[in-house]
Amino acid sequence: MLKKISIKKINDLAAALMEKGTLLAPVKEAAGHNFAEIKDPQQLDLDYYNTIVSPKTVFLPQKEDFVRYETAKPVAEAQPVALNIKATFLFGVRPCDAKSFQIMDIHFHASGIIDPYWQQRRDATVIFGSAFDLDIPAQDADFYQTLGIGAADPEGSDVFMVKKGEDLLMKAITPQGEEILARLAMLGEGKPADKKYFEEYIKKGSQHQTRNMCLDPQVIAKKLEDIFHSGEFWQAQSAACLSCGICTFVCPTCYCFDICDDTLFSRGVRRRVWDACMFTDFTLEASGHNPRTHVYQRLRQKVCHKYSFHVRKYGVISCVGCGRCTRYCPVNIDIYSIIQDAMKA
Amino acid sequence: MINKNPYIPIPMKVIKIIDEVDTRDIKTFRLSFLNKEDEASFKYLPGQFAELSIYGKGESPIGIASSPTEKGYIEFTVMRMGTVVPGTVTSALHDLDEGAQIGIRGPLGNSWPIEFLEKKNVVVVGGGFAFTTLRSLVNYILHEDNRKRFGEITVIYGARNPGLLLYKNELAAWQKRSDIKTIITVDKGDESWQGREGFVPAVCKEIAPSPQNAVTVICGPPVMIRFTLPVFFELGFSKENILTSLEMRMKCGIGKCGRCNVGYKYVCSDGPVFSLADLEELLRDFATYK
Amino acid sequence: MTDFKQIENNLKKEAKKLLESAEVPVVLAYTRGYDEKHPMPFAAKSVADVEKIVFNEYCNFNMARYIMRFPDAAKIAIAAKAADSRALVVLIQEEKVRREDLVILGIPASGMKDPKTDQLIDSRTTGGLYNPVEYDILLGEEIRGQKTVSPYAVLADYEAMDKEARWAFWKGQLDKCIRCYACRKACPMCYCDPCFIDQNKPRWADKAPQSPGNMMYHLTRFHHLAGRCIDCGECSRACPVGIPLYLFHKKVAKECEEMFGQAAGMKLEDKPVLVDFRVEDSDQILK
Amino acid sequence: MSFEPKILGIACNWCTYTGADLAGTTRLHYPQNLRVVRVMCSSRINPSFIFRAFQLGADGVLVGGCHPGDCHYNTGNLYARRRLAVTKKILEFAGLEPERFRVEWISASEGNKFAQVVTEFTAQIKELGPQQKLKIDELLEKI
């Protein structure tokens, strides 16, 4: 099903979606765009490259309350925090980020236990993917092409959107997408010319140039295993690393979290909060032992986790080449360059 | 899975607290289920662990010390941690009284590979405080329903001094039994110590268990493991037949929080029990042996 | 002013000399990142590494951040712009590093730019000095006659706010914080291990990025840097969500300078103002 | 019901705490809004104590130490003076209320001064009303 709407009327579309559920889309903030709930249809803004923090925040919020309790009361009386899930529309997700959800799904479904929070949010959300503007060259930091993701790749989206002049073409990719497009009365039908444009745009998208190297998951996984114990390589790569958490927090495929108790006097809440393998105390045990005390060990963990361990465990690279870690790194560490160097090492 | 939401602990009641050692920093907690349905769904095997949870303090992954053959309760032996970073949860556990409620999530992780051990001779080697899941295994094997499924059982257990041996009554009972060979050793005895003195690796060398159709299950402090492994290599045990249990900092216990990986495996969901052959494959940030 | 290319050449020349002499095993400088515009901090450890050294207008990292990474190195050479040299002075004052273990390669520089915004990093966001305050070798001509603006001039708008406006401003800014801790990691003065925010006994704040914890983290961090912040602006440039931390640090620095008559990191023989006192300090400062 | 502020007092063991004792033994009346915590020296006070007190619902914080020059440890309060001055400035710069934080030098013999300061400060805090800006509402109020 291919529909279209004039970009001038995009606010009507926002209003219609807001009627049917929660609308999340990139909203301009001081430092750039970020996904946030749209409160006023006028807020919807298609003029962005990509968001600072990835849309994983929608399914894996930085803070997720599990249970509220009072320490003086019996454990059995603790109150699990209800997940008030509402139908959600995640609007304007870039192809690389849409792909990241599929990668995260593998992890959150693994070893026979489905993460209930992730899954319930995922089930309630319709993803409106949006192609990168092919007239604008990709930013220097991006390398999604390396991971086999096109600039107009509909994979992972329920509805995929492409701009055509003054119009926005919207194509349903999944049954959920079909359903929601059918319910949006203000959309016009796509003409055969639109259909052709859409197909060609997607094809053209796969040619859209980002940094690109030939990368076979199995080969890079093996390569990283081989050089894992090469302290020299990793020390050189991590010489500048500050060991802060930016790269992992903005990353669409980083999922590590901490479970912690926040208690004041006798009341408290147990929640999960994002954590980062780059933090010193990430692996610090109560005994005082810490297997990763050096910066290079932590950077190595991050890179190997994405490009080697994840491949070994789940068969896919846990990176989509969105370039956020590189873009926001205060000292310009670039995971693409590390992988490139690793291949040469 | 014992609960619809794997992150929310089930309530349990502390029915008995046993002070295990002279230094009073290791206690065994016997817990009973508050809800019958939780008890029915909590099916575990020796070697598994659970997250003990105290609201307001946090959670701690602790190996289950009781055997599944013991009905009506489960036991955990917990050491009060806190040399560098105070062990918030273990301290709080130690401050509990009988009758208190705590939460647990589990059982988690794999177990000692019971099927693999069947029909084989089992050499159990333990050191100090790491004897908990080994005790579970030994009691499981010794249970009358199970004993016939296994070959000879040899237990070699050492501690720094007699006061630091765990489960003293049970050890004495094992020593009286004919269907298990129990060797207890201490690094240094005191005036009343009648038993053996010597380090675990040396004792293993002396006892020299036959590698014939045998598996060894080793758990102990890193230094003990480092010196014991060569002894078993020399005796002719293959890497597939040497099993151990790892520990790492854990949070979720179900392979989601991404913290406890050794190489591409998560200790919590793929482990904690690994054979030496498995471990060789994994990329470690540090090496406790070699 | 010596141009950046010339400074780069001088830097390479000196680094080569030092590494060849084997007296200095590490030279802290900059290298090319994934493109020209994105250089990286770099530790040159051999003569072969010298070729990788670059210097351009985007090399604004405070290299003093890395000075404690090399406990085994007998001596460390470090490329230091004005702010870096002030950071080194504070670290020397606090006995984190000894002056005799450093070879400071001073870089007089003006016209440094923030690669994210392409704006000049001048007295608006950093200390307003062009020449290093402490060095062994100066890699270019001292900059003279450049218009100097008070580093505190940028505070004018902020100082004009009334109490409620200030609260609204900082609450809004600090609520954005995602607690990636890049500010403290980029800061050359933040070397505590563990940082107070990572302690679990006592636990000062929860880990979740919400208002109370963010307030606790930032207010305490502002306090910990009082009289020590040398106004390099790294915290603000590192911040992925664009919190103007430098404004608060500058304001505290200004106040410390007024109360105690001393700016941070200007003279080796000074002590940071909060680990020092004068009997004649006035009680008025407490009013 | 009239507003009864909660005021945290942090008093140095050698001067202010003894001064408070004296105020008690000489039966001086002062408002009961003050909860005193004793520390060994005013320089032991970590600025985070003050921020945390406000977060946990204190409406005012009163720090008492020896008069400069009289410190039991010679120089403790001279460091504290600088440090707490900065704390006050930070409260001010953040748009919080520095007037809710007060430092007084009260010696062991100044029971009167102690009672007077507490009375004054309590009245002042009453005037200001409840402290809302830093207080952690979420967990304190609702569950």
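Per-chain residue numbering starts at 1, and chain names A, B, C and D are given in the order in which the chains are listed.
Just so we're on the same page, contacts are C-beta pairs under 8 Å (C-beta built on N, C-alpha and C of every residue); 3 or more make two chains touch, one makes a residue touch a chain.
Note that the structure is a prediction, hence the values are computed from the model and not measured.
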{"item": "Interface with more contacting C-beta pairs, comparing C-D to A-B", "value": "A-B"}
{"item": "Chain centroid nearest the full-protein CA centroid", "value": "A"}
{"item": "Distance from the mean Cα position of chain D to that of chain C, given in whole angstrom", "value": "34"}
{"item": "Chain B-chain C separation of Cα centroids, rounded to whole Å", "value": "50"}
{"item": "Distance from the mean Cα position of chain B to that of chain A, given in whole angstrom", "value": "39"}
{"item": "Residues of chain B engaged with two or more neighbouring chains", "value": "85, 88"}
{"item": "Residues of chain A touching at least two other chains", "value": "258, 260, 262-263, 268, 275"}
{"item": "Per-residue overlap in chain D, given as positions that touch at least 2 other chains", "value": "136"}
{"item": "Residues of chain B that touch chain A when the two form their complex", "value": "1, 4-9, 11-12, 34, 53, 55-60, 81-85, 87-90, 101-103, 247-249, 251-252, 254-259, 261, 263-266, 269-270, 283-286"}
{"item": "Contact set on chain D toward chain C in their complex", "value": "47-48, 51-52, 55, 68-69, 75, 78-79, 81-90, 92-97, 103, 105, 133-134, 136, 138"}
{"item": "Contact set on chain C toward chain D in their complex", "value": "161, 163-171, 196, 204, 210, 212, 215-216, 219-220, 222-223, 226-227, 248, 251-252, 255-256, 259-260, 273-279, 281, 283, 285-286"}
{"item": "Residues of chain C touching chain A in the complex", "value": "33-35, 37-43, 61, 65-66, 69, 115, 176, 178-182, 184-186, 193-194, 198, 206-210, 234, 237-242"}
{"item": "Residue ranges of chain A in contact with chain C within the complex", "value": "29-32, 52-53, 62-63, 140-141, 239-240, 242-246, 249-250, 258, 260, 262, 271, 273, 275-276, 279-281, 295, 326, 328, 330-334, 336-337"}
